[in-house]
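Pasting a structure below so you can have a look.
When the chains are written out, they are named A, B, C and D in that same order, and each has its own residue count from 1.
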Amino acid sequence: MAVQREFSVAVIGATGVAGQQFVEALRGHPWFKITAVAASARSAGKSYADALREPNGASRWYCDSPPDENVLRLTVQDAADLDPESVDVIFTAIESDAARELEPRLALHRPVFSTASAFRYEPDVPIIVPGVNLEQLDIIASQRERRGWKGFVVPLPNCTTVGLVVTLKPLLTAFGIERVILTSMQGLSGAGRSPGVPAMDVLDNIIPFISGEEEKVEKETGKILGEIRDGAFVPHGALVRATCTRANVLEGHTEAVHVELAGDPSEGQVRTAFEEYGRDFCARGLPSAPERMIQLHDDPYRPQPRLDRDAGGGMTTSIGRIRLDEHGLRYILVSHNTKMGAAKGAVLAAEHMADLGTL
Amino acid sequence: MAVQREFSVAVIGATGVAGQQFVEALRGHPWFKITAVAASARSAGKSYADALREPNGASRWYCDSPPDENVLRLTVQDAADLDPESVDVIFTAIESDAARELEPRLALHRPVFSTASAFRYEPDVPIIVPGVNLEQLDIIASQRERRGWKGFVVPLPNCTTVGLVVTLKPLLTAFGIERVILTSMQGLSGAGRSPGVPAMDVLDNIIPFISGEEEKVEKETGKILGEIRDGAFVPHGALVRATCTRANVLEGHTEAVHVELAGDPSEGQVRTAFEEYGRDFCARGLPSAPERMIQLHDDPYRPQPRLDRDAGGGMTTSIGRIRLDEHGLRYILVSHNTKMGAAKGAVLAAEHMADLGTL
Amino acid sequence: MAVQREFSVAVIGATGVAGQQFVEALRGHPWFKITAVAASARSAGKSYADALREPNGASRWYCDSPPDENVLRLTVQDAADLDPESVDVIFTAIESDAARELEPRLALHRPVFSTASAFRYEPDVPIIVPGVNLEQLDIIASQRERRGWKGFVVPLPNCTTVGLVVTLKPLLTAFGIERVILTSMQGLSGAGRSPGVPAMDVLDNIIPFISGEEEKVEKETGKILGEIRDGAFVPHGALVRATCTRANVLEGHTEAVHVELAGDPSEGQVRTAFEEYGRDFCARGLPSAPERMIQLHDDPYRPQPRLDRDAGGGMTTSIGRIRLDEHGLRYILVSHNTKMGAAKGAVLAAEHMADLGTL
Amino acid sequence: MAVQREFSVAVIGATGVAGQQFVEALRGHPWFKITAVAASARSAGKSYADALREPNGASRWYCDSPPDENVLRLTVQDAADLDPESVDVIFTAIESDAARELEPRLALHRPVFSTASAFRYEPDVPIIVPGVNLEQLDIIASQRERRGWKGFVVPLPNCTTVGLVVTLKPLLTAFGIERVILTSMQGLSGAGRSPGVPAMDVLDNIIPFISGEEEKVEKETGKILGEIRDGAFVPHGALVRATCTRANVLEGHTEAVHVELAGDPSEGQVRTAFEEYGRDFCARGLPSAPERMIQLHDDPYRPQPRLDRDAGGGMTTSIGRIRLDEHGLRYILVSHNTKMGAAKGAVLAAEHMADLGTL
């Protein structure tokens, strides 16, 4: 390990569900230590513990395990006032409108890993999926130069994109991809909690629309699978068409994928491409990395979101129902939308950069 | 109306969930009067009312409205002993293995409308979807001749096929179809009740496999959209690929459909094709027919199975989320799997034949 | 019917879920015609149809059937500006804080039927459950005198109280009641929709607390079952203790009730008391009244909220699982929380007063 | 630790859901090693791994973690043929009818811990809840003598009884108990999986009846909290009345409890009684014991089954919503029905006996 030291870390938006997931992802982290939490002015000045408690004693903490004691004792700062130089690395979990204003101020001084879409489609900003396209981090040099930042902004993609590109990348590398038709059945946690999805809407139901989601999946997939040529992104040319729906599932996004490949592999070759994928990356042993990027299932009833979302600590993408014929390859994947697909994925990206000495 | 008289009707498998749906579909029916109910030997000899009641008083009736009083008073017959000549028309709701044995005995004398798959793939048997391919009933003449039957067997398709072909037929007629990629999110009631889908399996979950379902959808769609030439079925040549999943939805199948059209219509032309579809058929005013075959939604959050499954008494297919570009047409449909997709669809098919005087 | 004329009606809070339930309850009503709809300033000036539609085309209408065409065409008024004299009767579906300010202004001139708790606990205000305690409307005379109102405020109780008192009243009348221990498993719709109950909270879960609910049930039950003596309410002396929980059920409140009776009836006498209850009231044939106030079930698996909430158009309370021994009577009830338990119950109360000529 | 050696263990009914929970509870167990698995004749002769796999590759394993490798390799024996002397201890997870025949044959030679109700109500058989009434194991001497067994049968109670008695015992000890009124909202896993609860029945619903459950809770609670006098059980005299319902919750039983105490404690005394309960037992450090028997919650929205069922590895009972007045004490508990309430509870009972040297 080339990692030299501990990094002090700020989590912005720390009181919301998405921010809490960063606090959870960083619990007991060997390299990153949360030394600052920031949120809206309403929470500022309270201890993090108090900010997570309603006046009637109700908890507003929504992750499985309680936060580290030392994080509970931190005083929540107003995000607008946070001094970026007070920490080494910043993770943000805020709405895109807020991110558009806040993140440049932070990136002026420090690396910012963001789950917001605000900067995803800028020409000098990579959308990073750990283990998939970390080479696109090269664009950061021009981001810094162009914007005069000492830090940078690295957004993660939309949570639905993550599982898709993790499974497309090995196919692209081995066989080439021409066309992708996708239907997602997404878990509730991706919508946040307050308001999130009202129980009245989704009980005994499928909600056939998630505003803006399909466009994000289509656009981000092209960018992530694309190349940087002459300092500019050239999106991959495969057609991607997504239908995104919401199912009554707590967490975990299920995606039914139809891929038309450029090559003509056997099913065995497809399985091997999936199984071998990411072995080198996982072998680095980064703290948040799973043992394997992709888990293949032979049981035709798998993957299921309830059973498979937590595979590899929520960082492994599960694939099953592989069907291949001369017209294309079909499979179903399950990916954890708030772990690999959000906070913990961002932490893994930061770990990789730390490991490379580029953080 | 050319209909001359009342038809006496037998429901076979009347104590199971699928059979109960026939009893419900025929409640207060103006033309068809249930005069016989049959089930396995275990229920035979009891009144229908008693056969629907457990020893501890628990009801085994699973439809919304109670059966007609006169049906409750009928004595359940052993299906193996039912005299087909005691009624005019027979509706069967039994497992395929049982159907393979029983239905020929009944069809020897009487018309049999079946929800079983036993005879769907025979070359002289049409798979009927009312309003879509009733012209394929012409093949019955050769069915009778070849098999020496005075009656006939007309199976309905798999419930997932029904919504699909209702929405593909107007596209086929107007623009031609080359390729169909489909993901279904199916309701629970299609699996029956005992055992049906265990609640433990589907709570907070998507089940990514329904045994045999995808093959049925692919095969049946080709046959239903195909033609009869020289007395033989020529399946339509469009490629159909289905991924069938089970969602935690009581009733109603949701299907995300991607269609590649032969022609190059505008979105307005597609909408018109859907909206105009089946007007003549609905105008016949058959007792179980809806006002319209297809209901289009502009609200991007529709159709939803809970809100739209009962459109048109469960006989209208709802379509929304129409998206069209040069690569294809995408939409989402909701179809009621146990009404249009099963018993009530079979009753409507029988009504159509009665109306044509061919029953 | 002594009713002489149509009443023009205003619905306040008409764009929210609770107000929409008034619009639904009054659809095609033979006596009450909605001529005004009011909401917050944000919706004021739009047609009701437009106020129910999001910019992206999404509907904000959450009831089963669409509103009357003529209501859709009404212009939404700012509730703060509504002229009470422009209508004959007013139904309000607003938060208690807003009700406390607004309702007195309206009651100065017109009868106000309210689902808010703002005035429930005032000494000159009855909490009305149709068919149970309409004689308590006598207190209105002193309400008017004391407050100088030409109209009045009649609040309905909390939705959980409604099913309870409907089933306690016949027991009280026939046998006397000493103690009531109650556990509710409440449906989601009682919490409204936005924010309402987040799906993430209630999926695969029971929420063991509903803020303020238990106190309301305990207090309101005493008042409704009590008497007016010398112009003042004397609450009934029975001890009532409630535990209120939220279940993952769309609509319908299920309540497990343990009652200690003063008398010592047989089970047959208890059943008769339930079955005979409200016959006279129902025989009046009021438009929103059910055929029977209480439906008894012998099937031990009933009542169930999904199967029984809509009994009698949502106005009949279903009772089952009657168990009686020397220590008390136990039963389970299901009551529709947004029909009998809210808007439609308020409409029924108004109908009764209209029928008596006291509106 | 007085424990001298490893125990070899047989699990009977090992292929069913309840038996699998024993296999899970014993995974990597430091004292108990599964050396035999038995099931019906249908599975006999297959490896345990093969017996858990359907012909189409589908898994029939329903627990979270896969079984130990060495258990997967065991050959399933026909339970009817199992030689009890081939192991040291036997855990059974079979239907009561089968247990009534099989368990005496096994108990002739070996200790049998059973989740079946077959022997629960026998006068010489204790119903054991670890940490609550292990002193009742004294009756085993007379069981052995009377029946001529070298082993014994120790049944665990019904899963709903377990959480109840864990929380009643400290109240009984400290204050005395006179009356208990209970409503349960039970998870699905208690009903098993095949058939278990059909998803169609419980979606958007509460099922108000579980056959035989209430009688079991009432009877078992008295026996467990009672005493052995002169070699015979004297049930505790408190009145217990239960209403048992099924909710759409995967696992975890929620119980709303009303207790009338003999004494008149303060709320602080009640809380202390709960918090101090079982400290000595937990301090023994038995492998399956939790850190604490009871976890108190101040957050009024806790306990919730989804959040709290796994407290203490599923062995801690969570209590919240404590309300105390002169009429009684009310609280809500959550208890894991298949861990503390079944297999893992049985394992803990066996551990305690092993630790005492009485196994």
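Here is the rule we use: a contact is a pair of C-beta atoms (placed from the backbone, for glycine too) under 8 Å apart; a residue touches a chain by one contact, two chains touch by 3 or more.
In this text, all values refer to a predicted model and were calculated from it rather than measured experimentally.
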Where chain A and chain B overlap in contact partners, by chain label: C, D
Rotation angle superposing chain A onto its copy chain D by C-alpha atoms, nearest 5 degrees: 180
Pair with more cross-chain C-beta pairs in contact, given B-C and B-D: B-D
Residue-number overlap at the chain C/chain D interface, same or different (half cut): same
Interchain centroid distance [CA atoms averaged], chain B/chain C, Å: 41
Mean-CA-position distance for chain D and chain C (Å): 43
Whole-Å gap separating chain B and chain D, where each centre is the average of the chain's CA atoms: 46
Sequence positions of chain B contacting 2 or more other chains: 56, 203-204, 211, 248-250, 300-302
Residue ranges of chain B touching chain A (in the complex, touch as defined): 179, 181, 183, 185, 203-209, 211, 239, 241, 243, 245, 247-250, 254, 256, 258, 300-307, 320-321, 327-328, 330, 332
Footprint of chain B on chain D - complex, ascending: 56, 62, 188-189, 193-204, 211, 248-250
Complex interface listing, chain C residues touching chain B: 56-59, 203-204, 298-302
